[in-house]
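Dropping a structure here in structure tokens format, bear with me for questions.
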Amino acid sequence: LRLAELAELVGGEVRGDGERRVDAVRPLTAAGPADLSFLLRRSFRQQAVASHAGALLLGPDDSADPALAGRDLLVAADPARALVAILGALHPPPVHPPGVHPTAIVGAGCEIDPSAAVGPYAVIGEGTRIGAGAVVSAHAAVGRRCAIGAGALLHPQVVLYDDTEVGPRSVLHSGAVVGADGFGYVSRGGVHHKVPQVGRVVVESDVEIGANSAVDRATVGETRIGAGTKVDNLVQVGHNVEIGRGSLLCGQAGIAGSSRLGAGVVLGGQAGIADHLELGDGVQVAAASAVFQPVAAGAVAGIPAVEIGRWRRRQALLGRLQEMARTLRALRKRLGEEE
Amino acid sequence: LRLAELAELVGGEVRGDGERRVDAVRPLTAAGPADLSFLLRRSFRQQAVASHAGALLLGPDDSADPALAGRDLLVAADPARALVAILGALHPPPVHPPGVHPTAIVGAGCEIDPSAAVGPYAVIGEGTRIGAGAVVSAHAAVGRRCAIGAGALLHPQVVLYDDTEVGPRSVLHSGAVVGADGFGYVSRGGVHHKVPQVGRVVVESDVEIGANSAVDRATVGETRIGAGTKVDNLVQVGHNVEIGRGSLLCGQAGIAGSSRLGAGVVLGGQAGIADHLELGDGVQVAAASAVFQPVAAGAVAGIPAVEIGRWRRRQALLGRLQEMARTLRALRKRLGEEE
Amino acid sequence: LRLAELAELVGGEVRGDGERRVDAVRPLTAAGPADLSFLLRRSFRQQAVASHAGALLLGPDDSADPALAGRDLLVAADPARALVAILGALHPPPVHPPGVHPTAIVGAGCEIDPSAAVGPYAVIGEGTRIGAGAVVSAHAAVGRRCAIGAGALLHPQVVLYDDTEVGPRSVLHSGAVVGADGFGYVSRGGVHHKVPQVGRVVVESDVEIGANSAVDRATVGETRIGAGTKVDNLVQVGHNVEIGRGSLLCGQAGIAGSSRLGAGVVLGGQAGIADHLELGDGVQVAAASAVFQPVAAGAVAGIPAVEIGRWRRRQALLGRLQEMARTLRALRKRLGEEE
């Protein structure tokens, strides 16, 4: 595509040669004359100046940088959003030809839309429905009575246990396991009696679940992941957890059973949420933190997590501990208490 | 089933209409007139009162609650235990018809009990034995010379490496990998020489292992998970680890190589145990804690973990740090030391 | 093998009966008369003395221990390194007969070396190359245009997304997912727009990746794991991460997007690295720590991680907090400030 075409695509403006041909998008340090690169964070300015990229995507402010004068620029009001569109145009996702691969095993009573694709060696249980344009990739194991919405994409080796629902356009990456039994036992005299986990999981629309993440079915009722929520790799979602719309769970985060997260919640990497807690809309949990109390609003950090301002003050005080100990010793000495 | 039948099943007592028909068990907030719900924790009392459930399972104390007068109740001495039985009766687990699916590939010299079920596309190495009523589900990959006990259940896509033993009635969830190489290298001059991992894993009877958990084979000898121990999702068990009977490892916990856990040990979610440590019977490790020293008994918390009482006192002191700093400043001022 | 043969293999020396036959290597506590065991850490000396092992591998210092007099010993200058060689000799890895299993599905335009082995039900996308002696085990799902180097080993159910490169002799354990989409979104008004992840992953030579680990493809450009680096189970490597040669990432460690680790870096178990950070060559991160700042050199610990000496001093001060609080109270009282 020509730079001018990309500018039109994103409603941006070309400074320089609009006829310049762009073959691919590459990082600043790797891009060559046939590539477009991008400057989204001020901290990458130096790399942008030094880059051999044929063209640069950036925002209005950065485009005024004298060090970039003479470069072919694509100026967009929202360059991050523009990058999304450009990547999609230059790197269209692979096409999955519709149809059920002859090696796929499909149980009785399934309804598979003719435009859906079911890959080699996929195994699908009885009574499952697969919507228009949905893709169930190689080796996926889909249980009985599941529902996979239109345009949903299950990468190779995704597992859905019985009765799982995956909403339209949701994407599940390889190794994701949705609907396995929750971790529920009644312990009596050192013996753990399994509580049958007879509920299910509902993954709403436009959700993405990362590689090797696990979302457990409810004991009774539902575990639910709200529309537009994005879940990174190796995340654990316990039974009966409910997550609102548009939340973000970063890598290796974990949520114990029955906790409820509102809309727009953000869990940093490796963050943990104890069981039976409520986190309000927009709550943010810092990476490597662990939440043991409900959080109505705002940001928390630490183990156990506290309001983030309090956490910062505490960190500052911890940095002064040595000085405090020294002062205390000096005072004691002065008062003749030191022997 | 009728409420009276359920009462008989669990040795409980009906208050109200024993003829009431119960179709399913549902959570308090979702249950309707044809459902049984349950009140196991006092904190759910409000929800119980407001619930539209046709019948409620609860303990003797809660059954005396005037706000529940007139409801159809199933009163059980141990309502949690009763719930286990009722869920099992109302939601029997799926039946796996015995036999080896024609697409399964079974190596030479395997002994598969005629009552066992081997699912589509399962691959089983030479010399493996599968006991009566055991289930090896779709896409499972079982190595050579493995032993799978009677009534054991491997969900889709479980992997057992060569020589792994799974005891009777143990359940492995999808994505669990048992017997992969331990993380052992001899490092010389910046090069990490792999130590061949030639031991094996023994999972004893009545164990449950969660989705996407990993249990490594021993370098030499055995990694062993004791009878009745339950392991949640995404848990890491290193090589040569030994875990006693009836322990509970919550989600994302990890145990480094050669550590030994006694019976009835509980690891909270995301808890970590360093290598070559011993944890005595009944030791409890709080969630998001990391243990770097042996623990003979009791409960520990924190990073590094300390006895939990000490941890609590330390947390209380941390909460007073600001006040301490202020007092110290005031004292210095008073003594004319502040410049 | 006879003890003398093992000694010759490792350039060691026999004390005692060189004709003694060794069938296997077993741990000190499990070894019998036909077994060799080993003493690599002084802390196992007692177990060595009590062991029933027919022969013991140890270093020159330990071999002088009077309590081991009369035992058949194999003395090696570097007993750990010798153990690697002996385990390899006594327990040769399984042989994978070359050829493509008839049930494997291989896309158009693939180049598979005749000496490579492709297992049952493996699915390989178009245009992928597999080198001499490489092994792609059962149920592996390899994408399009991948390159798998000579002697590489993919255990059952490994997933490589499109365009992934795995270097010679690298080993990927079951459940490892390499090349899934990075966690990248542009969020506007509560909606998370997916940034197409169009880069790829390069795993260089002699790398090992543990069970159920995930390495994400780059947004643009490459995620790269350097030669000889070893990655344990359940490790998360984010998009555009670069890891140098000979690093070690222990179980459940995680690295957020775009961070760069030098050569010989060591991440302890459950350690976390925030995004866009640089860790210099040889940096060591303690287990259960979280790094939020760049680290040029040395060792760090804690959440947030600080230089390890500073962390140790702080831990010591935390241990004295109660005493400090008490002293402070006493001083206040003495000064008549306590009411």
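Chains: A, B and C, in written order; residue numbering restarts at 1 for each.
Following the convention adopted for this analysis, contacts are C-beta pairs under 8 Å (C-beta built on N, C-alpha and C of every residue); 3 or more make two chains touch, one makes a residue touch a chain.
Owing to the predicted nature of the structure, the values given are computational and were not obtained by experimental measurement.
Enquirer: Given that chain B and chain C are copies and touch, would you call their interface same or different according to whether over half of its residue numbers are shared?
Expert: Mostly different residues form this interface, as fewer than half of the numbers used are common to both chains.
Enquirer: Enter the angle, 0 to 180° in steps of 5, of the rotation superposing CA atoms of chain A on those of chain B.
Expert: So the copies are related by a turn of 120 degrees.
Enquirer: If you average the CA atoms of chain B and of chain C, how far apart do the two points sit, in angstrom?
Expert: Chain centres of chain B and chain C, defined by C-alpha means, are spaced 25 Å apart.
Enquirer: Could you say which residues in chain C touch two or more other chains, in rising order?
Expert: In chain C, the residues touching two or more other chains are 121, 139, 157, 175, 212, 234, 252, 270, 303, 318, 324, 328, 331.
Enquirer: If we count contacts the way the header does, which residues on chain B are in touch with chain A in the complex?
Expert: 24-27, 29-30, 78, 80-81, 83-84, 87-88, 90-91, 93-94, 103, 119-121, 137-139, 155-157, 171, 173-175, 208, 210-212, 228, 230, 232-234, 245-246, 248, 250-252, 263-264, 269-270, 287-288, 302-303, 315, 318, 321-322, 324-325, 328, 331-332, 335, 337
Enquirer: For chain C, which residues are in contact with chain A within the complex?
Expert: Going through chain C, the ones touching chain A are 105, 121, 123, 139, 141, 144, 157, 159, 161-162, 175, 177, 180-181, 183, 185-188, 190-196, 198, 212-214, 216, 218-222, 234, 236, 238, 240, 252, 254, 256, 270, 272, 274, 290, 292, 303-304, 313-314, 317-318, 320, 324, 327-328, 330-331, 334.
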